[in-house]
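Following this line, the structures themselves.
You will see subunit A twice below: alongside subunit B first, and alongside subunit C after that.
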Partner chain A sequence: MASILPLSAGKSNKPQAGGRERRIMGNPWYGLIPAVSYLLFFYLIPVVYLLSRSFKITQGSGIQFAPGLTLANYIEFFTARTNYLAYARSMVISILVVLFASLIAYAVAYTIVFIVPKRYQQMTLLLIIAPFWTSFVIRAFAWQLLLAEAGPVSAFLKQVGVGSLKILNTHVATVIGLTVFGVMMLTLNLYSVMENINPNLLAAAADLGARRWQTFKEVVFPLSRPGLLIGAALTFIISFGDYVVPSLLGGGVRIVLSQAMVGAMTTSFNIPRASTYAMIMLVTILVVTMPILRLSRVGLNTE
Partner chain B sequence: MVEGLKERLGRIPLILTLALTGAVIYLPILFVVIFSFNSGRFQVFPLKGFSLVWYQKMLSDTAFMDALRNSVIVSLGVGVVSTIFGFLGAYSLVKAEFRFKDLLSTLLITPLAVPGVLLAISLRVYFYSLGWSFSLLTVFLGQLITNVPLALMVIRARLLQIPLSLEEAAWDLGAGRLRSLAEVILPMTIPSMIVSMLLTFTFSFDEFIIAYFLTQFELTLPIKIWANLITGYDPTVNAIGTIVFFLSLVIVFFGQRFILGKPYQKG
Partner chain C sequence: MTQKFDAGKLSREISRREFLKWAGTGAAAGILAGCAPQAAATPAPATAVAEEEKIVNVLAFSGYEEPGMLDSFEKATGIKVNLKIHDGTDDEMIALIQTSPAGTWDVMTPTSAYVPNLAKEKQVMELNPADLPVGDYLKPFDKWPTCFYEGKMYGLLNRFGYYGLTYNSEQLTAADVQSLDILMDPKLKGKVALFDWFLPNMGVVSKWLGFNPPYRLSADQLGQVKEKLVQLRPQVGLIGSTAQTTQALASGEFWVAIAGEFVQAGLFMDGHPYLATVPKEGGVTWDQAVIVLANTLRPQNSLKFLNYVGGPEFQSKLAVARAYYSMVPNRKAAELLTEDQRKLLNMADLDNLEKNFLANLSPRERPENIDEWAKIWDEFKAM
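On to the complex of A and B.
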């Protein structure tokens, strides 16, 4: 490979001569046609169409809409207690999940990168994040079994004298289930930034007399911040929009925003109402994650 | 570096946190595995005895086997098509110059930041208003939304590592774009395409919410599991969960070796 590389040193991007070279050097932008047109027709248009329905009211069969635009759905959302309670639940659950998952994942990633011996690092990381790629439904089901009233956790709590605690079908269970997922997501992001921290920086800090805590505060933390922020933003999105975990673990009574959205779609078949929830979900995600992602750009150059 | 006793002691809580986190991640799955071999009908200790009855039940349940077959069909389709679209798109993003390229690259990954339930509902309304009926085809189309960007990112990361000069050398030697693509770029991109295929296959295989909203009679495995869970406790799910979990794990471990670029045993 090395013998080929020097060829590029003197070359320019311009073809030397002849139509053939010019043709083959041409811009291969058309490779994007399949992906872009697919996403245009099956992602962008459907999402925009759905969101636009939030300014309509249904007429007739439920798929026809009354002419004209209205804010009635939004007024309904902000005045009905059940709606903003669902919203508040989603918000509180997501914030708690992001907080817990960030704290745990930070300790986990730090331990893997700086304490676990080098040769076991990748193996340890893999073990922690591998279940991330396995079935969401099955993992939620597994937690359901574990937290059930006659399940192992409550048996254990009874043994140690805490007494019987109802965890399943409350949002404590939702927070637990989502936090485990968030920990994997955040660990993955934190590992990739922490692993890139130049060990010489740590040695330099030590040489300059920094204690472990100072090194952490002045070197490790600022350099790992982008990974923390991106992981936190992704964890927020997943927690705020997830339907499976709140349904299987949190139960169907005190519903969250995604459950309200699904309910509007399946039980009342009210497309405008479902799309109002969708719009509010999307706007919330944008408002929360945009500043986080902007912050993460600061200090991205960790070289 | 000289380490004091204090610093060594400071590591203990961190290592404990790591161990505890690992335990919390695997504990629920461990219970599923244990109970899948338990002969008792209920999920309680003490265990009744070892048995393979739930695995037998799973194999003789045609609804489950149909769901499994449907899942494999859809996931294979999603894996292959996402990887092809992803490769073509990634190649263009890396090699071509055009206006709004940055904007387009950002737009292409936004589907990964939209909650699945929102994508699912938007497509359900869309297909409904187009008058399409819901089937495995609509599930396939729906699942591509997140898997095409994923494949594109995985493959793009690899293409960025290949020096532009390699392809130009092939051109200088008289190869056309297609030939240089086939003989220079493709062989170097194959590992990332395998990773892309494994990941998108797994994601599609485990995906629930989009499939749930976009099919009617042809269930995929996660929908079948969901249906059984909603109607009441069914120990057969333990057996299926065990198998799906280990299959996914094997695929991910295998794929990870490609992602990390080297076998993880090496330091």
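On to the complex of A and C.
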């Protein structure tokens, strides 16, 4: 995930400012060593390893690989219908989660920043993100109880006359579980950008005769867009790659891509096959999130 | 590591232990308890001495560490048991045999399916049945095929259980579950829960099709197993861990699982209407065998230990271990259990158990073409 944070340290070095001290202290680029080595060891090397494994096939016990490189894993991936299904499920679930989470989080963040009185803002935000304090897995287990047929959600639906719905162990539950997470993530992102919107801009808009809706459309939304886009990108990354929620809430039948990847390890101990899934996942995430992050930067520059 | 990593088994073992540990204590607090570290003694460094030091270094799956399990052995023999509980897989346990210096471990308790291969690689000590309490063992555990290699004994079965049908007795009758065909019944659509571990499930399906032994199949037979799984697919509403499956049954949303006492006993004890049976087509077992490593420095102590853990006292305690209930092979152990415990573990009528129940179970083995089995399972889940 570190890769999506812009590595801006290099750019912001202005050689003319305090140049003499810098020269005495040594080359300022040395300051990048920790960050670069972090990325190298914890990101680049594993990715290169995964990439190289995905062109291998196992031999014998599964720990050894046959000599030479092969496209067999990729061919296998793109020729099996079950893989398309798993991929499509991951994609649809992630898109739905991003949509729902964005809508809800936007409303929540807007309410906190512009409607809740200033002195309660911190407290409200704290309450929204309180579920972050427990482990992701424990939260998924808790949702199991809530979504079970005998659970409160089902009881409520029965009360309002919707009837008994099977939610747990379907991907409806997966979407709900991931949306809850996405809402927290997006709310934090949106809160931080919305909070920085200069109130004078709102006052100016009002002075110029803008109605509430116009102020939102012309001022608030464009200024909050970077937060929305970055939050949406992060939510997509988590949703597309998550294994816990689809397993604990989705029921393990009709598996998604991440479950197929884990299955390649747990049932078959097939590192190359799992690596192939991982590479396909990585490429998908890059293809989807890079344009989004680019757009978010456009937003920042026009400020 | 010559064995293939078998993490499905791991997840079953771990989650079963985790689940049964917290099932008793109740939901939320229990989840944490399941994650709590196990109490485990570190084995003392082994030193080679001419006369056997009064110790034995044991690596076992959980149950052995519970209070009172080993006291009488230590008292009677003066041998100190350095016990470590293994939280990992069989494969990891076996990897430890190969990577530890001689004498680090004397005794281990892997799944018996691993024993023949270990014997072939000369990693385990040959055992003499005359030295061990196999005379008291239920048939066929006295001559359990996976404890033998080329006619010689290398493992002593320690505990076992089965994969048959665990069913909700309020929704299904004993007559219903006489055959595995019930799994295809329209009223069970979406109500079948499976463990996410391919070997036992596919073994049971293999027996369903009449293949015995279930793990030695031709390509055509394996194809039939796949076909049967595809047919079963719409009936299956959950493929999860032991904990998930047990919870799914407890919730009443699922009515039947391919499982045995290790799920049913816990549910039953908690007051859920669950019974387990081996249908007429049969089922497969899970088990653990005690082995003595070939490089042990304390063969005599190890044999004494094997005699103890195969004996009635230890066996009866292990059957109702807090970690999880299991069936045990020593007939005399049954006498030391309470009436209720015997009933719960199908050990009330041992002759009947041997004749009608065990005879219908096949040992869970490692198929030669295990990759193909795994692939079919992965496809089944993705359908």
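In this text, the second predicted complex is superposed on the first by the 254 of 303 C-alpha atoms of A that agree within 3 Å, B and C clash if a C-alpha of one lies under 4 Å from a C-alpha of the other, contacts with A are read in each partner's own complex, and residues count from 1 in each chain.
Note that in this section a contact is a pair of C-beta atoms (placed from the backbone, for glycine too) under 8 Å apart; a residue touches a chain by one contact, two chains touch by 3 or more.
What you are looking at is a predicted structure, and each value in this text was computed from that prediction instead of being measured.
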Message: Let me test your reading of the model: by the given contact rule, A:Trp143 touches which partner, first (subunit B), second (subunit C), both or neither?
response: first
Query: So, A:Arg254: does it touch subunit B (first), subunit C (second), both, or neither?
result: second
First, second, both or neither for A:Ser268, with subunit B first and subunit C second: second
Message: Which partner chains sit in contact with A:Asn200 here, subunit B, subunit C, both or neither? Use first/second/both/neither.
response: neither
Query: Between subunit B (first) and subunit C (second), which does A:Gln159 come into contact with in this model arrangement: first, second, both, or neither?
result: neither
Task: Considering only the touch criterion stated at the top, classify A:Ala278 as touching first (subunit B), second (subunit C), both, or neither.
output: first
Message: Contact-wise, after the overlay, does A:Leu168 reach subunit B, subunit C, both or neither (first, second, both, neither)?
response: second
Task: Could you tell me if A:Val36 is touching subunit B, subunit C, both of them or neither one (first, second, both, neither)?
output: first
- request: For A:Thr79, select first, second, both or neither according to whether it touches subunit B, subunit C, the two together, or no partner.
  value: neither
Field: Greater subunit A contact set [subunit C / subunit B]
entry: B
- prompt: Shared contact residues on subunit A for subunit B and subunit C?
  reply: 63, 138, 141, 144-145, 148, 150, 248, 265
Query: How about subunit A: which of its residues touch subunit C in the complex?
result: 61-63, 80, 82-83, 85-86, 138, 141, 144-145, 148-150, 166, 168-169, 247-248, 251-255, 259-260, 263-270
Field: Of subunit B, residues touching subunit A in the complex
entry: 1, 7, 10-11, 14-15, 17-18, 21-22, 24-29, 31-32, 35, 42-45, 84-86, 88-89, 91-93, 95-98, 104, 107-108, 111, 113-119, 121-126, 128-129, 141-142, 144-145, 148-149, 152, 163-166, 168-169, 171-172, 176-177, 180, 199, 202-203, 205-206, 208-209, 213, 222, 225-226, 229, 237, 240-241, 244-245, 248-249, 251-253, 256, 260, 264-267
Query: Any idea which subunit A residues touch subunit B in the complex?
result: 1, 4-5, 7-8, 11, 15, 20-21, 23-36, 38-39, 42-43, 45-47, 49-51, 53, 63, 104, 107-108, 110-112, 115-116, 118-119, 122-124, 126-128, 130-131, 133-139, 141-146, 148, 150-152, 155, 180, 183-184, 203, 206, 212, 234, 237-238, 240-244, 248, 258, 261-262, 265, 271, 274-275, 278, 281-282, 285, 289
Task: Please give the residue numbers of subunit C that touch subunit A in the complex, ascending.
output: 1-8, 10-11, 27, 31, 190, 196-198, 233, 236-240, 244, 247-248, 251-253, 371, 374-375, 377-379, 381-383
